[in-house]
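The following pair of complexes shares a single chain, subunit A, combined with subunit B in the former and subunit C in the latter.
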Partner chain A sequence: MMGHVPSTGESAAAKVSDINSARPAGRRLWTNRLASAAMVGAVLLAVIPVGLILYYITVKGMAAMSWEFLSEPTPFSFRRAEGGFLNGLIGTGIMVGLATLVSVPLGILAAIYLQEFGRGLLANLIRFFSDVMTGVPSVFVGLFVYTAFVLPFGFGAVMGAAALAIIMLPIVVRTTEEMLKLVPLELQHGSFALGASKFQTIIRVVLPSALPGITTGVLLAVARAAGETAPLILTALGSLKVTTTLVGEPISALPLLIFDGARNPFAAGQERAWAGALELLALVLIFTLLARIVASRSKISS
Partner chain B sequence: MQSEAKTLGDVAAGVAPAAIENRTGIGRRADSLFGLLTLVSGSLVLIVLGFMVVSTTNTALPIFSSEGLSFVTSSNWNPAAGNYGILAFIYGTLVTSIIALVIAIPVSLGIALYVVEAAPRWVRGPITYAVDLLAAVPSVVYGLWGVFVLLPLFLQPAVALLSEYLGFLPIFAGPASGLSYFGAGVVLAIMVIPIISSLSREVIRTVPDADRYAAYALGATRWEMIRGAVIPRSRAGIVGAVMLGLGRALGETIAVALLVGSATRIDPSVVRPGYSMAAVIANQFQEASGDHIRALVGVGVVLFAITILVNVAARLMVWRMVER
Partner chain C sequence: MTPSPLTAPASTALPNSAQAPDLTPQVGENGTPAASAAEPVFTIRGLSVYYGGNIALKEVSLDIMPREITAIIGPSGCGKSTFIRCLNRMNDLIPGATVTGDVFYHGQNIYASEVDPVAVRRRIGMVFQRPNPFPKSVYDNIAFGPRINGFKRDLDELVENSLRAAALWDEVKDKLKKSALNLSGGQQQRLCIARAIAVEPDVILMDEPASALDPIATVRIEDLMQELKKQYSIIIVTHNMQQAARVSERTAFLYTEVDEETSSRWGILVEHGETGLIFTRPKDKRTEDYVSGRFG
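Now for the complex of A and B:
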């Protein structure tokens, strides 16, 4: 290779235009400028909504945020100004927690199968359909849990958690598998050379070294599940009470309460929805941020 | 690796005797047991997916058989009278998704090309971060923001302008409403931009630098280099990224439910209210019972079938791209 390779097109273009006869002229030059302007325009078009969303959620959310909002359940009327989303916060906590407890071990085991044991048609099918499953509409997952579990057992936290777990499972499987792929084979060979069995190698060598990456995937899956609304309408249904009952009693969640607030015409209900959106967005962004921190840590250590 | 500093000898002393001892017995059994456990967990993905299809189709079956083909070819949806034709919802899902793609494709590609090909190094990180932030925002937050901020600030003026100046075209005919196919499509576009742009970015990065230098060496401008060298090499992957964005747009529920206007009809004008498959499920489920619920489940089955087709096609395209 050449000694100095320019990393962006910029310097190469500059060199070309140094040669007078080769300088792009007239229409070609203007097309190029127009294209560059269009690219910058596209970026602005995407950045404007980011700014507007963060601005309005923060301003309108903070205006309605209070200790009462965080510590009181929702009142029975959208007209009433008091109360908050405690019922939703607890419901979201319970359902996302249960979903994580189920989907993370299963997802990690499935990823170990794909990476360490599985080969041939079955492994490829599982890999392919995990990818496809991440694209299944979440409302359909809700319909499935409704037909399979809510019809016989009623609405409840476990049903909502089941829907969230199904949404999280393929995310955990695919991100964990990607992380397991990155574990150097030499580590495994070293372990085998010491006489360790495959089980011992996976548990003591492979998983610990892939742990930061797996944690990142899990945190992103949790963030995704915490924001899901549609499947919970069909499985948790929603409730104005603070409840910790797991089966047989409808339960609320932050997204459900925000959805209700957005659909009603009364100012008090809408203000609570803004505060709820701030609370939910803060939760989701904390998990996303944690995921990034863990991911960047793992890069440093490896 | 783990923080406890073990020397190789420690590890050997710990693992080796146990392994030797187990070579014929428990160790091997543990291996195969563990293998079996992982196999079961892996197969769970397929089992759940299969179970999802069977359970929902089974619930919707009475409606499918009583309505027959008119379930998807009729737009007469009247639960009180027992009429379940979902064509208006299918139409709305497709129209809102197409509007979303028309807006999102150029914007996403612009972002991806800018970040990879044109941006100064110091702005790449912040742009990527801001766009990824869009992906983390829950759809109900988009819905709330869409209804109370975007609707008065942008959507209503936009549809008013469209119907005033382009109203002679049937697709922009008034009376215009911000709560419309167009309104839902705009919010959907904001939601799929991070998906399409981040995947396109990855694909565009895989284009070898040698191709770029070759184009520059022939005297190409940056845009000519992009058109001649970058786009042809990454076209298949970009199409895959767009299809994944389409899959997301088709299935998006809450934001559309809040912005599409909830009118059960097929309207050629995109600035008038309509409905979508996912939105009708979310909006009507809580008040539904009996056959109405079965019909909503049927809507879900059709939606699932459409998104699966789109997703399988997209994944096959991306996979073929990666294999090459």
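Now for the complex of A and C:
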């Protein structure tokens, strides 16, 4: 604006009146309203699919939900209206649980390394591959585990868990590293100044301070793993039987059963898929709430 | 090997006769003579600090006396904080920082290769410019140091004593289990002092401990320092000359030297001595200009 002001006083005054006349009073207001409306519209557009998903899953899922659905395995025929997804519930529990047990400690340790010790080539390589891994389509992970483990050892829960762990690991690493970065350096220096070693500082000051954020990252990873379908087709295969065998026997998972039920032409199978979707959604929700409660318990009262 | 000062507490005997003429009002008031005949806590010789190859502090040599307050004054950027961080090897934590020269702590060089910086920091505590309590309860903040150092005796008693020594007990005794982050800025800083005391150090380094506090909180910290110097040797960095004059027995004046050609800057020690002399009869023109407020 300043650049356009001419040097002489007379034309400067003329310019001011020009500006006033060139900009009608209502225009800015109108632009502002338009921008606000666009933003609200964008929010609504983004929320509508989420709302519809929740709505349909709840309505359709509740219609087919029953105690039998939760406590019985899947029948052999999609036509039959009995049975449920117990086989998938147990399979998902075992595989996501195993994957979490492996990927969370490994991921947090890797993040601590990157943040506290990682300098130079190795750290940058780890960071780079973590980023790449986050974007790798999960079916590739399934193919990798299929070639490396399923071909020699057969389908099984451990193979499925391995695929899920590979998917979870980069998420845990990157979110944890971001959270560790947020812990103020002053806190660490305060700890060092009291004669704490690096290990004591990390365990007693850095990790507790970052705990709520790390919990969020772990939850994201768990939710992602619980919903993965493609890699499990290639590693767990799926099964109609309730099994807890870890190696050598195919095992089912909720997303696999939802996938099977939804793509078959029979109403009974499709209804079970809706109920399965609701069950998976509820599981992730319950898990999220529990983790939040645990994380907030560990904080001190204010 | 002689008894290691990093393990044995300093038994510093104060001299009984006031030999040196004493111009600092504080010293005159409580009758403690300047400890000029005592063994210095720190003997610093030719101390230089480089950050990534650029010199930040050049050739500082200074003795720090026990059981008194030494103030480090000087304009911003003259290396006061850099200097004080050399005394408990906090500069080790800054990537690219290198320290040359010798810092003898009761005769032992803390930069010798066999000295563990963690052991140094257990003897030489530090309070920072901005209060930095841990996001834990008041109690756990104080108990942090003793716990990591394997303290086995009555922790409750130690916490209470530390908080009393930092003049904070009465204000927080009912909220020991509450978050330390809820305390006011001044309370947080006294908590940090209590936290430093709880590991029973020999020296307390204070890096502008009151610069983030209001005047009332500042006075409380200064009063506290007068109490603490009976037991601890205190070194305080301050850019507040009145504060240095009020609280310290000795003052060291650092100043920035500039190389006109390369425009690189570094801190040097211009002069040091009894606080009264530094403020009333400085030997160096730059000190005189600084303490009389002509620049800085």
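The criterion applied here is as follows: the second predicted complex is superposed on the first by the 238 of 302 C-alpha atoms of A that agree within 3 Å, B and C clash if a C-alpha of one lies under 4 Å from a C-alpha of the other, contacts with A are read in each partner's own complex, and residues count from 1 in each chain.
Throughout what follows, a residue touches a chain if its C-beta (ideal position, glycine included) is under 8 Å from a C-beta of that chain, and two chains touch if they have at least 3 such contacts.
Just so it is clear, the structure is predicted and the values come from calculations on it, not from any experiment.
J.: Counting residues of subunit A touched by each partner, does subunit B or subunit C come out ahead?
T.: Partner touching more subunit A residues in the overlay: B.
J.: Figure out whether A:S66 sits in contact with subunit B (first) or subunit C (second), or with both, or with neither.
T.: Neither: A:S66 stays clear of subunit B and subunit C.
J.: Identify the partner contact of A:E186: answer first if only subunit B is touched, second if only subunit C is, both if each is, neither if none is.
T.: second
J.: Looking at A:P208, would you say it contacts subunit B, subunit C, both, or neither? Reply first, second, both or neither.
T.: In the superposition, A:P208 touches subunit B and subunit C alike.
J.: Quick check for you: in the superposed arrangement, does A:T244 touch first (subunit B), second (subunit C), both or neither?
T.: Neither partner.
J.: So, does A:A196 touch the first partner subunit B, the second partner subunit C, both, or neither?
T.: both
J.: Intersection of subunit A residues contacting subunit B with those contacting subunit C?
T.: Residues common to the subunit A contacts of subunit C and of subunit B are 191, 194-197, 200, 204, 208-209, 301, listed in rising order.
J.: Considering the complex alone, what residue numbers of subunit A touch subunit B?
T.: Touching subunit B: residues 5, 8-9, 12-13, 15-16, 22, 24, 28-29, 31-32, 34-36, 38-43, 45-47, 49-50, 52-54, 56-57, 60, 105-107, 109-110, 112-114, 116-118, 122-123, 125-126, 128-133, 135-141, 143-144, 146-148, 151, 166, 169-170, 173, 191, 194-200, 202, 204, 208-209, 223, 226-230, 233-234, 237, 255, 258-259, 261-263, 270, 273-274, 277, 280-281, 284-285, 288, 301 of subunit A.
J.: For subunit B, which residues count as touching subunit A in their complex?
T.: 1-2, 11-12, 15-16, 18-20, 22-23, 27-28, 30-31, 34-35, 37-46, 48-49, 51-52, 55-56, 58-59, 106-111, 113-115, 117-118, 121, 127, 130-131, 133-134, 136-145, 147-150, 153, 190, 193, 197, 209, 212-213, 216-217, 219, 221-226, 244, 247-248, 250-254, 258, 278, 281-282, 285-286, 296-297, 300, 303-304, 307-308, 310-312, 314-315, 319
J.: Which positions of subunit C touch subunit A when the two form their complex?
T.: 88, 90, 93, 118-119, 121-122, 125-126, 128, 130, 132-137, 140, 144-145, 148-149, 177-179, 181-182, 192, 195-196, 199
J.: Give the list of subunit A residues in touch with subunit C in this complex.
T.: Checking each residue of subunit A against subunit C gives 184, 186-197, 200, 204-205, 208-209, 300-302.
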